[in-house]
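So, here come the structures, one by one.
The two complexes that follow have subunit A in common; it is paired with subunit B in the first and with subunit C in the second.
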Partner chain A sequence: MASDTAVPVASTATGHPTGKGARRRPHDDTRLALMFIAPAFLGYCVFLLWPTLRGIYLSFTRFNLLTPPKWVGLDNYVRMVHDPIFWNSMKVTLEYVVLNIAFQTALALVIAVMMQRLTKKTWLRGIVLTPYLVSNVVAAMVFIWILDYQLGFGNYILQHLGLGRIAFLSSDHWVIPTIAFINVWRHVGYTALLIFAGLQTIPESVYEAGRLDGASENRMFRHLTVPLLRPILALVLIITVVGSFQVFDTVAVATQGGPVNSSRVLQFYIYDLAFGRFQFGYASALSVALLLVLLIVSIVQYRLSRADESDLD
Partner chain B sequence: MFRTKRIRRRGVGVALAAATVASTLAACGGGATGSTASGTIQYWLWDSGQQPGYQKCADAFHQANPTITVHISQYGWGDYWSKLTAGFIAGTAPDVFTDHLSKFAQFADLKVLRPLDELAPTKDIQDSDYQSGLAELWKGQDGHRYGTPKDWDTISIFYSATALKAAGITPEQLSTATWNPTDGGTFEKIVAHLTVDKNGKRGDEPGFDKNNVVQHGISSEGSGGGGWGQTQWSAFTGSTGWQATDKNPWGTTFEMSDPRFLSTISWYFGLVRKGYMPTYQEIGGSSAIGTDKEIQTGMAAMGLSGSWMISTFSNLTDAKGKKLDIGIAPSPIGPSGHRASMFNGLADSITTQSKQPETSAKWVAFLAGEQCQDIIGQSGVVFPARPKATQLAIEYNKSKRNLDVTPFTDQVKDKTTFLFPVTSNAADITALMQPAMDSVYIGSQPVSSLSKVNAQLNQLFKVVG
Partner chain C sequence: MTSATLEAPTLREAPSEKKPFSVGRAVAWTFMIVVVLVSLFPFYWMLRTALSSNNALYAGSHSILPVRFSWGGFERVFGLQSGQKALDAGGAGQPINFWRYLLNSVVVSTLVTAGQVFFSALAAYAFARLRWRHRNRVFLFFLGGLMIPAIFTFLPNFVLIKQLGLIDTVFGIALPTMLMSPFAVFFLRQFFMGISREVEEAALIDGASKVRVFFQLIVPMSAAPITTLAILTYIASWNDYFWPLMVSYTDKSRVLTVALGVFKSQTPQTGPDWSGLMAATLVAALPMLLLFSLAAKRIVNSIGFSGIK
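Here is the complex of A and B:
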């Protein structure tokens, strides 16, 4: 649908600069810019803005999708505040995000620096990205088998090491760390690649100066790489934190929120309410809550990390 | 952002499905409006074991009505319901689908099912054509009929004859076992004796190590929070005379604070603490294996399961590919003095989205009719809803599988069955029951916590109803 509408807009956009107006006043590109923006803006409105507004509207209704929505005011939000499963899912989601982001970012940073400083081999850099090429569902399935309590290879190794079997995905203590680890495995390469791109922007001369001053590799990492990488790291963190809050498919495939509610993350709870229990109104209210949380988290992150300034100048 | 692709991919699937359905509808739209019914009927079922039988029915139907073709699609239980729900939302639901009592009420509430008593081919279906009680279950609160009975199922014990023999227990002992929630009766003695730890000690012998059990006396099918313990504890709670709701179908008050229920659940999950039943972790948590796999791998010596599993059990093999010797025994006699089994059945329903209700009704009437039910009976996968076809299934199992399935059918003959609790708000009930029962199974919540869940269920009907 989007490509259909994009074609005529693009053709008028390319046709425009040949017109007389554009030749006479070359500095005013507003109209041209608007035309380039138009297709994306249309997509933004149709696929993002309108659904968001409609979702906010639906959060004030009782709606089962098959009969018309009924306005109930703030009922859904009152229910949300008193819903222990909602608060539990918030807690579980937060626990997941903290574990996932902390390990993922730290590991990715190490991998990226190693790619930058130690090896120039393309195939080695490529290997780092391979887990990301596996779909989330497949990754979850593979780990279900590896970590199976009875037959999994992972538990087979643990038992032979004398550590005893661990019910990774079916004990309430292990389930969130396990899911967080599965997603670290899958996303760390991609995150490392983003950071690696950021590292490329740091000029080699900075390191040369460091080396002349006799700084060790370790010290250069702490006092040169990290500060100069800050804007990129901030961007990567915002993207990955937002993604992390929306963890869904690993949970849907591996645990369906269990055992009991210990992996019932917010996105899965919302999905279950909407598509399992036909409570689209209440599910919309929870989605709005998630939207607000993400908005606040992103703004705070942006401010704290001064993502819009660089120390490179 | 990067982690929600599943929904999007599913979205594409729905769009594709919509396109195919639209094109098939367009292709046969002309015929459907004519005087003689014609076209392609989309029919869904979830049990792959039943597909060959129903394909035969579809072929016979096509032979009798050459202008109508039935296209059967099969999806696994989990996908089936999410696909159907998505289908109702996206307008791509099939014409006719296999319906389950645990889902039917929700669909009736959402008004996505067509009343069959208003369609000519299914108008004259009589309750008395089917095993007693089956047809009534499919009538909505408004009195309309929303499903035609196709089969029924009860619960029995499947056992490994080898394990029984090794323990010195005869099939007769198992078939006449009695049970009570206080000490478990002779049934628990059998379960204990069938349990073996890694040193070869049995569950009733001194020095038995309950933490290192090799063979459990009884299998686990999970906590039973999703279907009123159908293949878990329902045979036990039922044999105390307990019922889940004040009336059935369409009860609105729940009975989970009843001491008979609480003491039974306490005894049942007590088997886990004693090492007689596999733990939540052992069966694989939320993606659990069932009684068939547990007996096959030797994790359990016997276990409760439904009659729809007969063909699966009769085909179980060991690691070398040799057929296992499987027997069937009835559920134990409980405090009420008789056995009990949940009596459940499937039916065929027509969706309101079907563009050809009359043609669909013709197919539904055929599925519920004598010819198709006899075909199903002779395929030996399930017990058809008609008494005569049920008899054919019993004979098939006797002659082709050398399997006595009367423990299943005797429950119906002796009227020791109770019906699956049909209520509104089924999805909400499952959402509350599943985690609650799981935590009792795991042991993180006491059995008494179920009284609180009961209050929540009752509240559900006050708010929504």
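Here is the complex of A and C:
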């Protein structure tokens, strides 16, 4: 690719229709363009493209950072297939993604529609977005405290309601739903605003027509909003699902993968292998596996969203 | 640009302004109030806990107001309390280098934002307006980067940063995202393409160079979206945890998010210093909340699909 752009041809024969043509010689900006894209191009190649290729290469090696990587062929992948912790991580991650996406999307959709139908005031959207502005670490910290078994206000309320205290982050049963909940708290506002933006593209006339036909808000939601919104929802899902698979921060701060392995999501396992045990080669193989999963998920979702693109007109 | 997008909804809202009271609307409003409360409660709870005496929290865990009001939590975060006093309150006893972490966070986020937005804008202009061979092919090549999740590059980038000898430096944390992000290039290109060519041509005829046109015409005309992008980049960089966690080992380069994690893991398992922890959490979150409040309208209205697809 690099050679592609380095061609210093001053070919003025690019045939650009310069509108009011003869006023200015149609010229070629190759030189300036190369200067303008050089820093970004460098950044792209050095910190995005090259690491991607290198990550794939490292997945075929044994590498502990201290000695040079040693080519081991498919060893890491064979080990991966036989690694129960890897499969457990995959399972835990999927469980998290399903819970996180289901609640987040449903809730965000309702919030977006409410904002659309009730009030479009910016301050309300600002408040809904507030949790998104703090880091995952901050979100994790405050919920570790609110959901603390002994002193957490959340558990105090649960007990008061007669539901009994729950060890949210230290029972293998509750830990993944809890982490999913924390991340829903932080991200639902952002997702709602994305959907809200999509709702804005549905012209008000559609609703007016519906209202003239005597449709209730409920009916209009089911028969107008949802079908017209489907392509936007599909796009939102691609963004959020891909993000959701990469869950790490909350786990690292709140549970360290515990109790035992019940919240050891894939990305945390990868980190632990690389930085806890210096198995960079194996960790890279797991990264490649995650990358493949993400690719497949995106392609499938993209196909599904394309399949019925007939929305407006 | 922002004002234009702002007007559209208000105009549309006008005819349906006076809706009669209905049970449905009451339920809907109740739901929205619950959403607002759930969004904001954790922030209040941080403040309430941070202003409580840690030792009193055990007896008063359900109190809505601070329990035995005290600045102790904040004093421990800023290292204003003596070691013994901090230990008595359940703190870690060793001073927290809070100002250092704050400085590191500011340096990293500023480097990333300034670099990424500037270099991405240059590239975006080249893709949007300059004429050169293979422009579209190179642009597609850039777009491919959107497909690579950043997280995949972390391990190999760590190896690279280590080879460059930049481990445990703020520069090492900032470098990989300082030169571009495919999203920023894409976002700005879309915007630059929307600027009318006429203005640009006029300036060119007056003899201005394309470089001048970019800096004195295009950039000022795009101030709004560039600011929005910069603020969003700043917030994202400030909140980043995973990458700085890999690169920084000591106080020298530790940023706030990582420090918060360390702070949490250092507190004793039994009877942790909740008021200190919540004070630190609040202080780590506050700068971005303030930044947001300065440009809330712009940020809220910028979220949409203009940048994507």
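To be clear about the criterion, the second predicted complex is superposed on the first by the 265 of 313 C-alpha atoms of A that agree within 3 Å, B and C clash if a C-alpha of one lies under 4 Å from a C-alpha of the other, contacts with A are read in each partner's own complex, and residues count from 1 in each chain.
Criterion: contacts are C-beta pairs under 8 Å (C-beta built on N, C-alpha and C of every residue); 3 or more make two chains touch, one makes a residue touch a chain.
All values derive from a computational prediction rather than experimental measurement.
By the touch criterion defined above, A:Ala102 lies against neither subunit B nor subunit C after alignment on the C-alpha atoms of chain A. By the touch criterion defined above, A:Phe248 reaches both subunit B and subunit C. By the touch criterion defined above, A:Asn183 lies against subunit B but remains apart from subunit C after alignment on the C-alpha atoms of chain A. Once the two complexes are overlaid on the shared chain, A:Ile296 sits clear of subunit B and of subunit C alike. In the superposition on chain A, contact is made by A:Asp172 with subunit B only, not with subunit C. When the two complexes are overlaid on their common chain A, residue A:Val260 makes contact with subunit B while staying clear of subunit C. In the superposition on chain A, A:Glu204 makes contact with subunit C only, not with subunit B. Of the two partner chains, neither subunit B nor subunit C is touched by A:Leu163. Counted by residues of subunit A touched, the larger count belongs to C, out of subunit B and subunit C.
In the superposed model, A:Leu65 makes contact with both subunit B and subunit C. In the superposition on chain A, the residues of subunit A contacted by subunit B and by subunit C overlap at 65, 135-137, 144, 150, 190, 239, 242, 246, 248-249, 252, 267, 271, 275. Partner subunit A is touched in their complex by these residues of subunit C: 6, 8-10, 12-13, 15-16, 24-25, 28-29, 31-32, 35-36, 38-40, 42-43, 45-46, 49, 57-58, 61-62, 119-120, 122-123, 125-127, 130-135, 137-138, 141-142, 145, 147-149, 151-153, 155-160, 162, 175-180, 182, 185, 201, 204-205, 210-211, 235, 238-242, 245-246, 257, 260-261, 264, 274, 277-278, 281, 284-285, 288-289, 292, 296-297, 299-301, 303-305, 308-309. Those residues of subunit B lying in contact with subunit A across their complex are 1-7, 82, 85-86, 88-89, 106, 110-112, 280-282, 284-287, 299, 427-428, 431, 435, 438-439, 442, 444. Those residues of subunit A lying in contact with subunit C across their complex are 1, 4-5, 7, 9, 11, 14, 16, 19, 23-24, 26-30, 32-34, 36-37, 39-44, 46-52, 54-55, 58, 65, 110-111, 114-115, 117-120, 122-131, 133-139, 141-146, 150-153, 156, 185, 189-190, 193-194, 197-198, 200, 204, 217-218, 232, 235, 239, 242, 246, 248-249, 252-253, 267, 270-271, 274-275, 280, 283-284, 287, 290-291, 294-295, 298.
Residues 64-67, 135-137, 144, 148-150, 167, 169-172, 183, 187, 190, 239, 242-244, 246-250, 252, 254-261, 264, 267, 271-272, 275-278 of subunit A are the ones that touch subunit B when the two sit in their complex.
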